[in-house]
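By letter and in written order, the chains are A, B, C and D; residue numbering begins at 1 in each of them.
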Amino acid sequence: MNFTHETEFKVRDYECDLQAVVNNGVYQNYLEHARHELLLAQGIDFSAVTRAGINLVVVRAELDYRDSLTSGDRFVVRSRVERNSRLRFDFVQHIYRLPDERLMLEARITGTALNQRGRPFVAEGLERLFDDTGQP
Amino acid sequence: MNFTHETEFKVRDYECDLQAVVNNGVYQNYLEHARHELLLAQGIDFSAVTRAGINLVVVRAELDYRDSLTSGDRFVVRSRVERNSRLRFDFVQHIYRLPDERLMLEARITGTALNQRGRPFVAEGLERLFDDTGQP
Amino acid sequence: MNFTHETEFKVRDYECDLQAVVNNGVYQNYLEHARHELLLAQGIDFSAVTRAGINLVVVRAELDYRDSLTSGDRFVVRSRVERNSRLRFDFVQHIYRLPDERLMLEARITGTALNQRGRPFVAEGLERLFDDTGQP
Amino acid sequence: MNFTHETEFKVRDYECDLQAVVNNGVYQNYLEHARHELLLAQGIDFSAVTRAGINLVVVRAELDYRDSLTSGDRFVVRSRVERNSRLRFDFVQHIYRLPDERLMLEARITGTALNQRGRPFVAEGLERLFDDTGQP
């Protein structure tokens, strides 16, 4: 699937809910951390970008839950970036349990950059995520 | 939009991240709580259902983020249930800031019921959420 | 016990862990929200104070867990402020389940104000929390 | 300080709040995960113990916050167990930032085991955490 980045995690028990599986909202935390690690690997520090007055925000999230992670599970989030439009970019992110590589979740998270007036703009620093085919 | 249920919230500061707005993952927490309150109003106690061996799970989430909630904001989650298929049901959920009623987020959360062997099934108790038009 | 402020909550299911009770870390969230509501009632907006470059931080937390909140429980956090030293203030906070008023948790949270260089200082605006007896 | 176990972490941006540092409540999450990893290394699986009807619960938490973790920080939680009384055990836990080994937080978390009727009892499996000097 041509993922360009991978972050490994282990489920923490406080992330599990009264069904004894990872709560559905926690997956967005995992995905966010994996996106920020991908950005960092490309030289983009989310926290520094924020302090500089640029807000990278999520405008749409689609998550397909395939199976449930539970206490003790190790897993990876594999991610890649695709250009969605001039102003929007998509993170395609899959979660695979380890070591059996079972697909647990598929997501497409659409983001944009907001300037200090809250308007979407083309943040120069982000262009390095794409080559001229729109692929990283 | 024919919502059938409404839960009111106030942003708590620990829900805000280093952008000083509510973190994108927290909205799934708000939506989940609002769904469980809707179910409770229909006589379905999520926790009791879980103890009885039925797991109500999210299989798909679509969230469109329109604007950001921030410290001090009050808001409502308005929800309704639609039948998606014999085994699946959709919660349509909107978040409106108060008092200006600005739309902050639109979501469609698809759920199903899993029996004790982890297989989707028609949970009788849930049928009360729908009349024969597929509307609650 | 001379509490000066009260915030009411209802347990949300995502706050419960695989023991089916509220996770022990979540109580600090409840207590923080109650402290910020107390401050707000005294005209001190935590978020605005932060933007102004003053960081109100917790330097010590003592929590005695008496009993466990669980799905569906309503409860109140009752709080008061005591001067601990020239630079430190204590929030004494109790959690009572409703409607039976059972004591669930007792806490003493010690805070201080840090200036822009990260040094503790006497923030004038906070002095309004105390009268000259050191009591609010 | 004779710690017997160490778990390494990296701060995730969703754990940071509007002060742009790790929220004070999140440290309890870190400490819990580190305790469960310590238990697991001793052959005690928290989730399995819970399913067996034994609830390991926190009865008291003391946390001294020395400095703030922030975006990008790596750190370790170092832990050891001490017998507190016949029925209670203490986890002494320190958090050190990496690579500079700066002490960020000191905690003493007191726990006990509850049987199926919610009464504290001596859980045989936990005795392996201590030798006859009360030290692990």
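Simple rule for what comes next: a residue touches a chain if its C-beta (ideal position, glycine included) is under 8 Å from a C-beta of that chain, and two chains touch if they have at least 3 such contacts.
These numbers come from a predicted model, not from an experiment.
Undergrad: Between B-C and C-D, which chain pair is linked by more C-beta pairs in contact?
TA: More C-beta contacts join the chains of C-D.
Undergrad: What's the farthest chain from chain A if centres are computed as the mean of the Cα atoms?
TA: Farthest chain from chain A, going by C-alpha centroids: C.
Undergrad: Where the CA atoms of chain B average out and where those of chain C average out, how many Å apart are those spots?
TA: Averaging C-alpha atoms per chain gives centres 29 Å apart.
Undergrad: List the centre-to-centre spacing of chain B and chain D in whole Å, with centres computed as mean CA coordinates.
TA: That pair's centroid distance is 33 Å.
Undergrad: Just give me the whole-number Å value for how far the CA centre of chain C lies from that of chain D.
TA: 22
Undergrad: At which residue positions does chain A touch at least two other chains?
TA: 13-14, 16, 18, 20, 23, 25, 29, 32, 47, 50, 71
Undergrad: Please give the residue numbers of chain D that touch chain C in the complex, ascending.
TA: The touching residues are 18-19, 23-26, 28-29, 32, 47, 50, 55, 57-65, 68.
Undergrad: Inside the complex, what are the residues of chain A that reach chain D?
TA: 12-14, 16, 20, 29, 32-33, 36, 40, 45-47, 50-51, 70-72
Undergrad: Flag every residue of chain A that touches chain C in the complex, lowest number first.
TA: 13-14, 16-18, 20, 23, 25, 71
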